[in-house]
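Here come two complexes built around chain A, the first alongside chain B, the second alongside chain C.
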Partner chain A sequence: MADRTIGTGRTTRRVALAGMGGAVAAPALLRSAWAAEAVNVGVAVPLSGANAQFGVNSRNGIELVADQVNAAGGIKALGGAKINLVIADSTSTPTSAANVAQRMITQNRVSAILGAFASSLTIAISEVTERRDVPLLTMSFADQVTGRGFKNVFQVVAKASAIGAAQFDGTLAIAKAAGQTLERVAIMYEDTAYGTAQAVGLRDGAKKAGVQLVMDDAYPLGITDVTPLINKLRASGAQAVFPVSYLSDSLQIIRVMRQQGITIPAIGGAAGYVIPDFEKGLGEFAEGVLSISPANYDLAPELTDAFRKRYGYFMVHEALEHAVCMDVLVQAIEKAGKADPASVRNALAGGRFEGGWTKAMTGGAVQFDAAGLNTLSVPVMVQWRQKELVTVWPDQFAKGKAVWKS
Partner chain B sequence: MLALIQALADGVMIGGVYAVISIGLTLVFGVMGIVNFAQAEFLMLGMFAAWFLWAYVGLDPLLAAPIAFVLVGGLGMLTQELLLRRVMHAPPVAQIFLTVGLLIVLENGALLVFGSDYRSVSTPYQAQALKLGPIFVSVPYLLAFVASAISGLALWFFLRASPYGRAMRATAQDPMAARLSGIDADAMRRLAFGLGVGLTAFGGAVILPYLTVSPTVGGQFVVLMFTVVVIGGLGSIAGAVVGGLFVGIVQSLSGLVFPIQLQNLVLFCVFIAVLALRPEGLLGARR
Partner chain C sequence: MTRPTKLAAAALALLAALCLPLGLDHQGYAIRVATLVFLFGAMAQSWNVVGGLANQMSLGHAAFFGIGAYTSTLLLIHAGLSPWLGMLAGGVLGGLAAALISLPTMRLSGHYFALATLAFGEVMRVVANSWAGLTGGPVGLSVPFAPDSLALFNFKSTVPHYYIALAALCLVTAIFVWIRNSALGYRLRAVRENVDAAEVVGVDTARTKLVAAVISGVLMAMTGTLYAQLNFFFDPDTVFGAAPISIRVALIAIVGGVGTAIGPIVGALVIIPLEEAANLFLSSQVAGLSGFAYGLILIAVILVQPHGLAAIGRRFQRKSKGAS
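Let's turn to the complex of A and B:
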């Protein structure tokens, strides 16, 4: 503030002093303007490290909704209280994520925490929020998130095992519609909570369908050479491959597959496969790549276009789901009429939330069960077409027909 | 058998790149006696230099590599003059603190300036491979290998045949005697550090076509680089080459037998075995 005053044209000492005085006083003035009513909401997402890109997307989605709510007059039940986002970098390591959550609770007195995209981080944060009885709303989907009987965690999307199973079932359905019966498939996944959990779902799906798994390999996140993995894939004779990866690894996998002339369909496991950077990094090689996704922006363009307008890229699923988290939280505070963590938690538990951003989810609403899992959400299959993601499965949500090249 | 040849070919190519990014580290140690923990951050800077040249000038990362070498090399000479020179005769602990501090400053500075995004380039040869019978040779790997080999040979020639190279080797052998013979040891150290980090940056630029760059990319390479130079023999250039190829091949071959997750476990088991049997490294001089 002082800088801006000093920077404009001729500067007198008086102007500079006034500006500096204003700058010193501003925080105090602002605080007194909304200290009594603003609702602090913690946003712990990875803004650095391996998952930073996803964290930025998540934050954008949350900011969009918070600004919408504030612009529409804030939280009505609290006399128009504004939402104040406390955004912190959870980094990409679980220990610091837990520390960040701890600090938000003790220093910022947050009503709830949203985050943290990566399941391993969310699990670390949930240990803290459970201990301190602060609700945690998340779109991380490793089975452990809601599988430990915690009372303060609320997940708006389906579980990883369900997503893995859908990744498999959807692929079978799409292949069948194109006249191919799959007999041999390969799976490869990054070895943190997200990849391993989703691989379980894929494995179960394959077992149920009687499809042979000719390759089932984990690889370390942050891998710098995927060639051995792809050599193995080529030798395996698989008819389709299910890679579950974040961004850097997904780019390497598709590139090396193309290098070796492997043209079997690749069906990604969300994360790295459903963000604009995937297409930016691969260009034409992205075309036709399929992926499972817990949600997709083309199901509710009337809501998600606001995101594209503001940030200049399509509303990626983690942004969309975090937006839903924010909306559900606001609805819960409205319902509770209070913003303390315990009241908010009670309003969330077993609750049903409709309207607003929940319409963008496949269930059209959000309904939490006793474990805090949204029972209405089902994943969809999406496919890259001309730099956009088109929902192609299941049929009741499909916006286009899947292209399957065997 | 085919799988073995394929794995060997992949291992040699990836190992060639490991060699060139590690030569810088071993050169700095050999001439200056300093272990530069920030070396991998200069790799990151080289990758960023190449990325920006690709994004804004449209230069292929392989052509941008010499520019990255000059830019980062210059920065390295500045670093030597302003920072490292002050701890040349300080206790090793001070040297370690300085280079580790440099690592933290460079990584977080990059986060501040570039943001934490992963950036990747797209080049026409990125998804191509040569087919030699049943063996695939990835074009980006091959190009990175060739560029690495050329730069490695150039360095070798420089050290062998040019007067500067001879002076540099003399400084490495005995700084006092070198100074008595009229060699400016400070200038040699500046040159060595600039060359060392410049080469690593060069390596960063040539691997960009098949990887992505982010401010934290150094972390993926730092342990690998130290493994390479210690296996080869700390301070030995030929050792870094042998060590690089060795590490690349071990990583690639282990993928044939073990799950890829265990790639580095296998590598470090071999590493421990090498240290136990030849503590001075494969090509290191016995002390």
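Let's turn to the complex of A and C:
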């Protein structure tokens, strides 16, 4: 017994050693496999854990654009250099995300990093990129991302506070257009970082608009029975409900609401409310559900249809925004004529980027201010209509009129 | 191994660790991983004081870790206090928290103790998420960006962090060895083997457990400050999290060898690079494959070496002694 154990112990160590040897050798192999002129771009998104689906969507959006650029002859200013994506799992912990960023910068010599969907991961990565002077392009929208005076972070969408305010303003405007003045609304949110932060924004919005909060309840993530919540909602007399949740809870809440015949409008806060699985999970109950979204694919079908054709589902907003990040980065490298991080950063700073994928953003272009925030982007309200998301607010972007059943 | 050879081996390992950064990119990935190895080694060694010597399987050490990270960072942001002093303040608060949690859980053992401490860590996470006025809530805290300064514990390069983490690991290990060889260490072992018997021979078991818990809590809280200054950003789910901190440090000590001084060091040397290697090679493949492979390897290690990797060395010793 003892001998056998020792024998296996040896193998384990040998395997571990071999693994570590591989770890040391791999970057060198990777580097030599690519032509010297290829531009390495880091893609750090969550490919495992709770946010994996959003990370995969983001990666797909970036891959689509990179492949388009490479197929069209690469980066012209660099003599047709190809883009080489260095994709890694940022996981769901900020420490790992920072490690991944560090690795991309030193081992892969990336020109820039794109990612990382979740704000906490993006902030952790930005602490690394700022100290190494490598540009980070992101669609995470926590106010902190561009609120720390960093010089190397570039955000293509509006800030969270602006998105939270728009969620409330848009709802009021849509209700008003349908002839209803909102007086009583309900909030229910999962007791996570994301849920509590969104709830704060909604509370502020309600206060500013003078709307009464008749229900303001947190529930545990992964709640097994939402019936008590829905009963409370029914008793509250709310005219609309803001359920804040990722996918699985949002499915339950909307399903139980509709099954109980509660037809008041439900307004989601992006995330789980604007992905194909929402409609797949709810079927007809999804019809008419509203949500805020930092961008929507129906604003530029000529661009986003390529995504649908390649991956088989509509271009969700995180894929779209990451595609814009990639396009802006390519434009910046073209502008700089060099691919080193410092030159790329200088080309991005305060720059205005037009054409290509930037046309899919609400501003029709991307203009970074001193903090690296895209000043042209405004969020939109979208509504589920026959398995598709239709932009319904603000009016200048609307592709259809919102359906509001009071 | 005899005592002199042990000391010589330790000195050699330390010398190698001191020289390692000379051959590495000073802001590189390898040195960051090495820094994390030492930091997590120090954390696991802090845990080892209660988890190893007293066999109290705490799964709530993130509570002290988070207290340390938040105390020093909040003092730095609001009072401009150097994180070095903040680290001491965090240590004091961590020790107080450890005493507080120790009082009701002292009489528990085994799974009950593990569950109670796990709950304590989770409570701290929820408090940090909800008490936004103090902690900044779920969006987390960023350590203010400052020029390089030893006094303010702010470095652009990873090298200073490397040496600080190495010093922390040496210090915590020295404290662990000192406790193990002191009267307190013997009392702790008496408690571990049989609480009733220890009482009978006159060991104040309650006080022994309390002292060990406080020392462990103080050390763990101080590593929290090191983490905050290394990473510059943290949120409640990261520093108070069960999986990223509490269970991870316990796992490092268990894989390495619970109750031994070398265990947490070996554990950290294996687990941290293993996690990174899994992410490096597998994360761009099938989603989740890296986590799966990492889990499989851990299960294999525990099955093959239930007493930890440090036991391999001891087994060889016994074998060679038997042969001679």
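What we mean here is this: the second predicted complex is superposed on the first by the 331 of 406 C-alpha atoms of A that agree within 3 Å, B and C clash if a C-alpha of one lies under 4 Å from a C-alpha of the other, contacts with A are read in each partner's own complex, and residues count from 1 in each chain.
Quick note on the criterion: contacts are C-beta pairs under 8 Å (C-beta built on N, C-alpha and C of every residue); 3 or more make two chains touch, one makes a residue touch a chain.
These numbers come from a predicted model, not from an experiment.
Engineer: Can A:G283 be said to touch chain B (first), chain C (second), both, or neither?
Structural biologist: A:G283: touches chain B, not chain C.
Engineer: Where does A:V403 make contact in the superposed view: on chain B (first), on chain C (second), on both, or on neither?
Structural biologist: Once the two structures are laid over each other on A, A:V403 reaches no partner at all.
Engineer: Per the contact definition in the header, classify A:S48: touching chain B only (first), chain C only (second), both, or neither.
Structural biologist: both
Engineer: Which of the two partners, first being chain B and second being chain C, lies in contact with A:T106: first, second, both, or neither?
Structural biologist: Touch partner of A:T106: chain C, not chain B.
Engineer: Going by the contact rule set out at the top, does A:P220 touch chain B (first), chain C (second), both, or neither?
Structural biologist: First partner only, chain B.
Engineer: Applying the touch criterion given at the start, work out whether A:R132 contacts chain B, chain C, both or neither, answering first, second, both or neither.
Structural biologist: The second partner, chain C, only.
Engineer: Of the two partners chain B and chain C, indicate the one touching more residues belonging to chain A.
Structural biologist: Counted on chain A, the partner with more touching residues turns out to be C.
Engineer: Of the two partner chains, chain B (first) and chain C (second), which one does A:A77 touch, if any: first, second, both, or neither?
Structural biologist: neither
Engineer: Kindly list the residues of chain A that each of chain B and chain C touches, one partner per complex.
Structural biologist: The overlap between the chain B and chain C interfaces on chain A comprises residues 47-49, 52, 56, 191.
Engineer: Would you mind writing out the residues of chain B in touch with chain A in their complex?
Structural biologist: 3, 6-7, 10, 14, 111, 115-118, 120, 122, 126-129, 136, 138-141, 210-212, 214-216, 219-221, 251-252, 255-256, 259-261, 263-264
Engineer: Going by the contact rule set out above, which residues of chain A touch chain B in the complex?
Structural biologist: 47-50, 52-53, 56, 191, 217-220, 222-225, 227-229, 231-232, 235, 247-248, 251-252, 255-256, 258-261, 277, 280-283, 285
Engineer: Which part of chain A faces chain C closely enough to touch in the complex?
Structural biologist: Residues 2, 5-6, 8-9, 12-13, 16, 19-20, 22-23, 26, 47-49, 52, 55-56, 87-89, 91, 93-96, 98-100, 102-103, 105-107, 119-120, 123-124, 127, 130-132, 142-144, 148-150, 191-194, 196-197, 200.
Engineer: Give the list of chain C residues in touch with chain A in this complex.
Structural biologist: For this pair, the touching residues of chain C are 25, 27-30, 32-33, 36, 126, 129-130, 132, 137-140, 142, 145, 156, 231-238, 241, 244, 270, 273-277, 279-281, 283-284, 287-288, 290-291, 300-301, 304-305, 312, 315-316, 319.
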